[in-house]
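Two complexes are shown next, each including chain A; its partner changes from chain B in the first to chain C in the second.
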Partner chain A sequence: MFESSLCQILFYLLAAIAVLCAVGVVAFRNPVNSAMCMALSFAMVAAIFFGMGAQFLGIVQLIVYAGAILVLFLFVVMMLDIHDEDKSRGSYIHAAIGVLIAGFFAGLTINISLGLPGATSGTCPVVTMCDSFGELLIGDARATSETAVAAAPYGGSLPELSAAAAARMENPSISEADAAAATSIPDVKLLGKCLFTHYNIPFVILSFALLSGTVGAVALARKIRKD
Partner chain B sequence: MDAIIDWYNDLMSNEIWFYLIHTLLKLVLMFAVILAFVVLSVWIERRVAGWIQDRPGPNRAGLPLFLLERFGSKEKQPLKNWLHFFGIPESCWIAKLCTWLRLDREIPCWGLIQPCLDGGKLFLKQETTPSYVRKFYFILAPMLVLGPPLVAAAVVPFASEVNTCYGNISMCVAQLDIGPLWIFAISGLSVYGLTLAGWSSNSKFPFLGGLRATAQLISYEVAMGLSIIPLLMMFGTLNLQQIVQFQADNGWTLLPLWGEGLSWQRWAMMLPLGISFIVFVTCVFAEANRTPFDMAECETDLVAGYHAEYSSMKFASFFMGEYAAMVIGSAVVVTLFLGGWSIGFGADAALAAYCDWLAVLCQFCMFIVKLLAFIVFFVWVRWTLPRFRWDQVMKLGWLYFLEITVANIFLAAAVLYFVK
Partner chain C sequence: MIPLAHYLILSGILFSIGLAGVLIRKNIIVVFMCLEMMLTAANVALVAFSRAQGTAGVPVYDAQVLSLFITGIAAAEVAIGLALIVAMFRARRSVESTALNTLKD
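Let's look at the complex of A and B:
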């Protein structure tokens, strides 16, 4: 009970700060303020990941977004040295395009989150996850094969509940303790297994997209000397 | 008395209270050790610098005895009392020797008090904030530099486990399954402090210093993360406590002399692991912003770099943050490559079989000794190598280290696959 209520309070607190910061990104006139708000928002999302037991995902969020990409953002913003008053007001066409894109992403997010457990009953997703999976967080080593099977309705889009459960499903004869001991990093292993088996093709396609981005950046940045 | 013991038993039997209490105790210990090491490493830096440059360094400041005297009194009371206690006349040669050794003024301790006096001086200095700075970020920046290294220390294990009657205590504050990544992520956040300090100072040299710091830290983070992948392939875990346990059982990463460390595979792994060690240690130097990589604050081109506009305790926060980063960097290198708390040669298991608490105490001392040794190495490098040029730093990071580390991953994989 203690852990469950703490989990709930933290989730709402962090989510509220994340949303507030996200509003701040758009609302602030000074671009450096916006960038710092974005960093804080990323950090809060990482903290929510931590609260759900997805430590690896949380730390990757921190390293990649807050630690690298946003610092580069800040770097560029500071180099440009935009003053508050210089930031021109956009035209209606820009606003319309922005609303269109934002609406598209909002639709996508709503569509996905409606498929999550507890979405229709109107409770906190984290708590519902805890309840429906027998108070187990994602990747918890204590999960058994029964809970993994219970998670099957959501299994279409989510990976199996825990590596221990996976080990037990592959070999039902091993004891629960052995299964838990065999998987010391459920989180990282789960994610790796998921990425390199189930989602391998999208993963490779994405990495090619990133590669082409890098090549494009180098091509743009390189000055071609004509001599 | 019985009531107290009963209450203690009840309290410790509660799982949550037990967890809270031992975590809090470890937290306080870890924090105290890091802060003490920050002070100590300043002293080590100055003494080793003096030793390398053939001068004494700060060796005078001792525990002052005037604290024991009556205010305004000119008599050297403590020494007099002491002589009187042993019945030695004041004109005796012993008394003269003590006066010559300045024992009438202070108790000497190799100048160890010097960093405390420096801290006190910085604390009492006048605080000047230039009128043209961006106030909010100017105040925020020193906090963002000092905070992250202290938080990052949470996952570093400083001894093995203890079995008490109330439960198992693992001697690290937070046992995360993502140990090294946590340290990289959190200490990487201090780059915000440097950038914001440079930008908010609103003057040219600090701004250039901030930009340099950002570029350097981001560049070397890439090579740093890639360089430990061969280690992780060997350990098969990201949990630092388990990594150190593995080294205690099977030989330190760079000293595989016992357990499974004597196999052909481990000795063949020494090649990729050695490359990892060199790259990782260089990256730790770059991340800690120290000479030969102190691009962000090199006096010859940038006055004092990003903290040129800071004074008093705000400057001291930057200063302490830099040394805290150095201590954490040393702790990570010791944990990953030099066996962490492990005493080595199977002594850990033998001691643990004899007495848990004794083993933990010895391991803690071993960790401290290793940490001190590596900090001395850190300082030694600083006073031996000249500073790189800016383009050399960038070239080293992106052109050499990135390629070497990527090739090193394949080399390690080949060794693990082919050599049995």
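Let's look at the complex of A and C:
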């Protein structure tokens, strides 16, 4: 119980810092301050990934976003001679329109998320077939234990991770005692298995995209001789 | 435990802040940072869904693989985009989006 409440406090704290830093990226006039805020925001998102049990993605987030991409941004900011944005007359109207559109989008997302079944009540609603019309009803009182199934877009609390289930998935022939003795989820192993079996060809294509990106960056950024 | 809806709200708020930055800021480098933030917001939603749809206590790793692809593509995109910004600075001596008005005058 203590552990789960600590997890909750940490999540809301990290989420608040991530959102604050994201606001800082937009609000700061100096691009270097924006880049630093972006790095902090990405680090907080990485910590949230750790909290969700996606350790590998958290590490990747830290190395790629908060490491490599931040260095690239800072490199370009330092290389180019950039001065702060000047305040022109129309900029306040411009900013107000931008905030209005983004606020509308945020309200839409929050409304949809909170409208998911189970998002606020925390109990899992059930879906049942209505006999007379053959339509799906969510959270209907007529649900019987045979026909009732959990509603698919369930917005309630995430299911607990189970190390035993992960061990059984990794090695189907494992004995029940060995599975129960598993203490941690082999996150990287399961992710790698999925990546290199189901998504092998997209992975190779991604490597080509990275290669062409590197070559393209060099080709675009080199000095063009005028002769 | 934390409900899925709260992860989705965090993702939506981060995405909206990124969207606001893309619409408001004139400095193309900051606009690019905001684009990266929008991609990260999508990653948060994907990882949350991978946990939510997992049966028997194991996450669905397809969503996490998709999130890994997004990270990889974002890295390639940053390389290309920053090279384009450097090329634009060479041509226009400015990184403001308002400097791109050759067709206007």
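As a convention for this text, the second predicted complex is superposed on the first by the 123 of 227 C-alpha atoms of A that agree within 3 Å, B and C clash if a C-alpha of one lies under 4 Å from a C-alpha of the other, contacts with A are read in each partner's own complex, and residues count from 1 in each chain.
Just so it is clear, contacts are C-beta pairs under 8 Å (C-beta built on N, C-alpha and C of every residue); 3 or more make two chains touch, one makes a residue touch a chain.
Quick caveat, the model's predicted, so the values are computed rather than measured.
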Partner chain in contact with A:C7 - chain B first, chain C second, else both or neither: second
Partner chain in contact with A:I201 - chain B first, chain C second, else both or neither: neither
Chain B versus chain C as contact partner of A:A22, first or second or both or neither: second
Contacts of A:G216 with chain B and chain C, given as first, second, both or neither: second
Touched partner set for A:L72, first chain B, second chain C, both or neither: both
Touching partner for A:S113 - first (chain B), second (chain C), both, neither: second
First, second, both or neither for A:L80, with chain B first and chain C second: second
Partner chain(s) touched by A:Q55 [first = chain B, second = chain C, both, neither]: first
Chain B versus chain C as contact partner of A:V99, first or second or both or neither: second
Chain A: partner with more touched residues, chain B or chain C: C
Touching both chain B and chain C, residues of chain A: 56, 60, 68, 72, 79, 185
Complex interface listing, chain B residues touching chain A: 16, 137, 176-178, 181-182, 184-186, 188-189, 191-192, 195, 199, 207, 210-211, 214-215, 218, 221, 225, 237-239, 242
Touching residues (chain side chain A, partner chain B) in the complex: 2, 32, 36, 39, 55-56, 59-60, 62-63, 66-68, 71-72, 74-75, 78-79, 184-188
Chain A residues within the chain C interface of the complex: 4, 7-8, 11, 15, 18-19, 22-23, 25-26, 31, 34-35, 38, 41-42, 45, 48-49, 52-54, 56-57, 60-61, 64-65, 68-69, 72-73, 76-77, 79-80, 82, 85, 91, 94-95, 97-99, 101-103, 105-106, 108-110, 112-114, 116, 118-120, 122, 154-166, 169, 185, 190-191, 193-195, 198-199, 202-203, 206, 209-210, 212-214, 216-221, 223
Interfacial residue positions of chain C with respect to chain A in the complex: 1-21, 23-27, 29-30, 32-34, 36-37, 40, 43-44, 47-48, 50-52, 54-59, 61-62, 64-65, 67-69, 71-80, 82-87, 89-90, 95-96
